[in-house]
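My questions will all concern the structure given below.
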Amino acid sequence: MAEPILSVSGLCTEVVSDERVARIVRDVSFDLYPGEILGVVGESGCGKSMMGFALLNLLDPPARVASGSVSYAGQDITKLPHEDLRGIRGNRIAMIFQDPMVSLNPVLTIGEQMMEAVLAHQNVSREEAKARTVEVLEMVGIPKPAERLKAYPHEFSGGMRQRVVIATAFLNQPDIIIADEPTTALDVTIQAQILAEVQKMAAQNGTAVIWISHDMSLLSGLADRVMVMYAGQIVESGSTASIIEQPNHPYTRALMGAIPVPGRKKLEILRGFPPNLLGEFTGCAFAPRCPVARDHCEVERPELRGTELSHARCHYPLQEGARS
Amino acid sequence: MAAYLFQRLIQAIFVLLLVSLLIFMGVYAIGDPIELLVSPDSTVEDIERARAALGLDQPIWTQYRIYLVGLLQGDLGDSFVYNQPTIQLILQRLPATVELGLVAFLFALLMGIPLGLVAGYYADKWADHAIMNGSIFAFSLPNFWQGLLFILLFSVWLNWLPAGDRGEVDQFLGVSSSLATADGWRHIFLPAFNLALFNAALIVRLTRSSIQEVMSSEYIRYARAKGISNRRILLRHAFRNIQIPLVTVLGLELGNLLAYGIITETVFDWPGMGQLLINSIRLNDRPVIVGYLLVVVAMFILINVVVDVLYTLLDPRIKISGSKS
Amino acid sequence: MSMPLLELCNISRIFTRNDGVFDKLARRLAIGRPLENLVAVDNVSMVVNRGETVGIVGESGCGKSTLGRVAVQLLAPTSGKVCFEGKDIATLPAEEARRARFKLQMVFQNPYTSLNPRRRVGETVIEAAVAHGLVAKADARDAAIEAMGRVGLKPDFIDRFPHALSGGQRQRVGIARALAVDPACVVFDEAVAALDVSIQAQILELLVELRQNSSFASVFISHDLNVVRYIADRVVILYLGRVVETASTATLFDNPHHPYSRALMAEAPQLKAQKKTFTPIVGELPSPLSPPSGCQFHPRCPHAMPRCKTDQPMLRQLGDRHFSACHLEVGQGEEGRIEEAGKRKVVQA
Amino acid sequence: MSSSQTANNSAAGKGTKMSSLRSLFDFLRRQSIFSLLCLAIFLFLILAAISAPWITPQNPYDNAQVDFFDANLAPGTVSGDGRFVYLLGSDALGRDLYSAILYGLRTSLSISGTAALLALAIGTLAGLAAAYFKGATDMLIMRAVDIKLGFPTILVAMVIMSIFGAGYFNLVIALVLAQWPYYARTARSVALVQIGQEYIEAARCLELPVHRLILVHLLPNSLPPLLVVFTLQLAHAAAIEASLSFLGLGVSIEAPSLGLLIANGSKEILSGHSWQLIYPGLALVLLIFTVNIVGDRLRRILNPKERG
Amino acid sequence: DTLRLALAGEHQSVDPHFSRTSPNQNTASNIFETLVSVDEKMQMGPMLATSWQNINPTTWEIELKQGVTFHDGSTFDAADVISSVERIPNVEDSPSSFISLVSSIASIEALDAHKLKVTTKEPAPDFMEQIGGVYIIPSELGVTIKSADFDSGQATIGTGPYKFVSWTPNESLVLKANEQYWGEVPGYSDVIIRYIPNAASRVATLMAGDVDAIDQVPPSDVAVVKARDGLEVSSSISGRLIYLHLDSDREQTPFIKGSEGGEINNPLRDKRVRKALSLLIDRNRIVEHIMDGRAVPAGQMVPEGFIGFNPEIKTPAYDLEGAKALLTEAGYPDGFSLTIHGPNDRYVNDAKVIQALSQLFARGGLKSSVEAMPKSIYFKSASKREFSVFLVGFGTTSGNSSRGLEQVLSSYNKEAGIGTFNRGRFSNPAFDDVMTRATATFDDDEKEQLLKEAATIGFVEEQGILPLYFEELIWAHSNKVAYKIGPVERTLAADFRPVD
């Protein structure tokens, strides 16, 4: 297999408020390979977005990266000086935000906001930047893009805005795109258009994509590989097919068992709540809600088991084969 | 746009009529000013004669009708006290008020925006706290007391700056203004500063909160994710956004400057429109009171319209059409 | 068949911009904006029988909530009538109408805004029943505990404020509140849309259970086909305020007729261990302010014919309680069916 | 209400009270010393104003106690009859300035407090009515509000006072007339948000009576932002009251508020009796400043997003 | 060189016939002249008229000065006087018309160029005072010339010591010396008069050296001005009496209640009570503490030096015991409660004075409170008799007490124009009788005697009003200018001269 293009290890983030420290992302490690679509799934509040921001060192106080590294092209993004970081952001690693309605500046034209991304990173004339902008807008299916450059965000529908944001991510032909639930606010038909675009991008340019979502069904059709997050930790990762067909972690299974699919007569119900993120976990974070937990789970923290590409954080994985 | 302006025009006329009626009746209710106008040794006939001369012997509705008819012809009536057309009186004092207002506005901007930017940039740091509490303090200082203290300090005790009056005036851009002479500037400094402080405090707060709000918004974070330079983020993305609230508030500020100008003018004996109003109220000079208020109301409406129009120029989301959406 | 419980007949709801006097004046002088009418619901008829669960599906803004709110009388329809137990509520005497409305309850989408933050759970649940004399004041507490028990809330929640509750628990309170007044029909407006899948599953299971133990009928509004398919007996699909297709759940999902229904089903994410190539419906969602002529779906429809531009298709009966508003004949255009549109290619290892 | 009145509930009730006390304490602990100091000063000023008759050597409003022979005495001078010391000096009529300031504070606070409360009540009612009934009611009320808000409060108050004439009640009326629109606007916008909230729809769906809907559901939830407006308007009312009194459009000269004391002091600006200008002003500034700080902190707490 | 003055009051119009209010006349007196002059005690003297004679009760002959020229060079003669008199009724919109000065004239004719014969409709003993107040303008201007023509300077042509140069309303009036002036040559070639109504600013402007002299210095600032090097203060007693008016007529009066607050009959109808109140007023201390010594305690209508002043009437001394005894005698051993009303923006320290009075009454066992209001409301209410005890001032504009006594203390008679300012409706037949005779006589000595007699009735026997003090007029000026005090309430440029 090729070299990973992005390598995350031991990433932790925390939020400090009123003398209390909430540890949101806990010890996240993974590798990302060119051309790969990596799905990140988990319940609301489990730290998916924060992890996404941490990858580009975009956290604002009081949130911050506490430890760990994100290495891209031999550099640790979390420790880069601001100027170098700026050279990577939007250029080599682009990000698509969750809400298309608020990620564009309402008082600047679409054209300006897209062209500035080109001009910030490439030494080109305004004309060239404009040409490039028109090109990507065409790619994402905005009709008559040259004319729409002068439009303001509010003149676009939600779907079109999100496509503008996606097109912006394509502008500098980045190596990596981090997409944080960019289709949650959209209709299925519009969502399909965007997903199609991303798939094409990954396939044609070898762009690696990290796609964050809480919707396992969506990732099942899109991602090559899926990481399941729970309480800030990666509890399981593996190829999409294997995760869906043979989940190792009880949480993964519960997550999928809760989705109504044709023919399913009863949904799996997960009782209880995610743990408090303020302290250290004594045992497995999922143990209090786990249907198959044993006493041991409450006291000892499980380590990741399995290969770099496919692993679970569980003392008693569901698939016998995964137990080493 | 046409519809909007038309609507504002109708509204303006309506408001002006209402104001003129209310004030007219109100001032009438206080009483007629004859006793104050006649010389102390006037006889009864003298008084009756004067009353008839000013039309005060007519029933109030007749008086109002006559006033309205005059108003339609652009005539605000003659002052009882000064025996001059009201409009002329107001126009004579307008330059003094406007120059005081403008200088104060300038002071307020010069103090307010930089301080607001600093506070917003260092949000929740000590500089921010100091500036913000300072601004609360500044707008907690009653305008008149603060002005009196300035006089006490700078004029009476230190004897640095004059305490009142407009000083020497000279032609300046075609109007006689104290901005044309050094003495005039010495005179305008204290009152303008007095008037500016309150507004500066508002501008500080507004600038700070807008900058802070904008800087914590998702699109700024998105701009950072695009790798845009901080300079551009601040000057283009953020500043373009805070212009909108700034313009609105600056419109209000102008109104405040006019209103609080009345007090500053009283404290510093500045011969502007505010003084005229206060004196007219004291002397019950109805045409001037009503005329002044109509002029001020018209100015306010104009300011509001200008602000609205500026708004649409600055904020692409809003189109003037009937009402804001 | 017996008399339906709730019947919506030719309901239309038009939203007009709220104009001031000056706007009207300006318009009369022909310098103002033209009047804008937004047809949120257009001539929709629908029946809910006793004990039945009807699902309403459609994209955002297609009028689902409006229809639901008309059904429970939170909104007055612009035209058409709402009949409860065969009687038009609008023509009933005030007291009877009030009782009828009271029999129609709603559960709302947002668990965070649908509870009064300043009232305790117990008060919220039982307030209406007490106000209407269904429960004596003295028994209120016990009744509240019982109502909460039905939705699986423990009695110790009774004195809590909503902020101390999780989203799922709040939604349970909302359901308990609606059920506490013993309604005949409950409209669930996206009642699970704001919840995580695991919580969504809890609520869906709760509903299934309640449906088994109680006799109320329900209208279940959702944009998620899978959820509707899971819970509803019959489904109505809306597009831009109009019904495009309605049938029993089984019929509709196995044998959809309208191209829009088919597209929806094709593009709704399915949990399958196969990667899928997304093939979007072309075009943007039209604005409800200026809907397309004829069949409103024609600009995006792969099978559009010339007459679709001009003629608005009426609902046609295709089978037992299966109606569709499309000019296509049955079987025509079937090649664009789900299998093909949603074909999945196996992931290359 | 209805469900929580059973007997075994009292313990739980006490529990919540205890915990709310504790959370109040917790909450105070988290505020800065400066904010707490301001709160303390504000409360102290209120207390001092209320207890003025018992903690002052003289009732400056009682002609029999004031002696103009003692006019313009510097701070620290003993009174002519040797009964007490003029702590902050005396004014041009021989009033003990310290007593006059406390009594003036009383006047200022009672005027601005009454006005702010009345404006709160009237404005809130108008705002809620506008939001709830919509249509013509809304239009009428909001047009009135718009027109008023187009003009600075001080100007409106000035005009009203010049028509009504000076005096305690006229002042209150002028302040109420000038300030109710702020509450109405806030109440309306908050209520509109609340009405849009689904719990109000739920209440309507449950066919709760209108008065219950407005009083039990709408009002309590619209109150917090109104409280912020209240504190800020209270400070504003105090400032306006003082300004009007300064212009001679305020209270009666016999029972001077702080503004009138300052106005009196301002006439002595050249004659060297500057304490008559400075001390009443300081008291007024202290009052307005602390109320503003309290309001500001309240606003931040209620709306953490906008920390302005 | 230039004289720079700052005055408190600005004229409404430069038209000398527009209004009789003080600022208007002040401006007019700089530029125009009248037939007779008045001095600081208001005593008449010749000016444009050199002498006059009462031929019979209704006929007067007036001799005019020769060799006087107007600013435009034309000579002053009888035609100018006639024209000026005839113009007066034609002045439009005059709020305070000069008409009453000429309304008694039945006919006026020129006997020759410098001699006039006037007949009056009725005998008018004070005729010369009246016509003597008319400012003379050239007959060339005609009788219909508009006030605006004076404001612009076009018609501003008089015989006075200064010529009009320009007027910027609300700012300044500029004058130039009249080199051809018939009297003493003006001390300054140029004069700039600024108008600064705010007393503090006026004082500050003087102290800053921006002007050479100011008028109407607040008494409380006198010490500060005096202390400043290079500044001087001049003062003179004014003819304005500040007094308390009492409702001595009505059965019940709105602002007097029993000592417990109940309704009582108006005690002010009893002259013992009025006397008692007068004794409670410590005039000396009011003058000393409230007026900073800048006023003269008063016991009658006019100050010493004016005709009608009765030296036998002593200023009442403070007498607490005497007052209490009188009150007890009158049946008010526990006093009563009263509210004193007064303006707060009309007279020097007006609001303070009523509060001080209130304190003094409180010492006498009365429950007393005060209410001060802006003059715009106050005087109307006072005339409508809405008060019981209230502070007013009356400024004598002629050199005798006749008008004051007649307008303030004579029984109210609207038709006859008598008692116009008798807002307390004091009424005493003996007093009225004396006054009728005093105003009818042409004999100056007899008139003076009668006025003294009237004063005794009004102030000693009946105590119709309670006189408090006469205001002082105070000027402050640089010691580089010398100021000779002129007529009452005038600050004339000609009265200033440079000090070498």
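The first chain written gets the first letter, and so on, giving A, B, C, D and E; residue counts start at 1 in each chain.
The criterion applied here is as follows: contacts are C-beta pairs under 8 Å (C-beta built on N, C-alpha and C of every residue); 3 or more make two chains touch, one makes a residue touch a chain.
Remember, it's a predicted structure, so these values are computed and weren't measured experimentally.
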{"item": "Shortest contact path, subunit A to subunit C, counted in steps", "value": "1"}
{"item": "Which of D-E and C-D has more C-beta pairs touching across its chains", "value": "C-D"}
{"item": "Label of the chain whose CA centroid is most distant from the centroid of subunit E", "value": "A"}
{"item": "Subunit A and subunit D, separation of their C-alpha mean positions in angstrom", "value": "52"}
{"item": "CA centroid of subunit B to CA centroid of subunit C, Å", "value": "54"}
{"item": "Subunit B-subunit E separation of Cα centroids, rounded to whole Å", "value": "39"}
{"item": "Interchain centroid distance [CA atoms averaged], subunit A/subunit E, Å", "value": "92"}
{"item": "Numbers and ranges of subunit A residues touching at least 2 other chains", "value": "none"}
{"item": "Two or more partner chains touched - positions in subunit E", "value": "200, 204, 345, 374, 377"}
{"item": "Of all residues in subunit D, the ones touching two or more other chains", "value": "165, 266, 269-270"}
{"item": "Contact set on subunit D toward subunit C in their complex", "value": "1-6, 9, 12, 16, 134, 139, 197-199, 201-209, 212, 216-217, 220-221"}
{"item": "Interface residues, subunit E side, partner subunit D - complex", "value": "200, 203-204, 218, 220-221, 223-224, 285-286, 289-290, 344-345, 351-352, 355-356, 358-359, 361-363, 368-374, 377"}
{"item": "Interface residues, subunit C side, partner subunit D - complex", "value": "18, 20-21, 69, 72, 74, 98, 101-102, 104-106, 108-110, 113-120, 122-123, 125-128, 130-132, 137-138, 140-141, 143-144, 158-159, 174, 177-178, 181"}
{"item": "Partner subunit B, residues of subunit D touching it in the complex", "value": "34, 147, 150-155, 158-159, 162-163, 165, 235, 239, 242-243, 246-247, 249, 259, 262, 265-266, 269-270, 274, 277-278, 281, 284-285, 288-289, 292-293, 296, 305-308"}
{"item": "Touching residues (chain side subunit E, partner subunit B) in the complex", "value": "12-13, 18-22, 92-97, 99-100, 103, 147, 168-171, 194, 196-198, 200-201, 204-205, 208, 210, 345, 374-377, 379-381, 383, 394-395, 397, 403, 407, 414, 417, 420"}
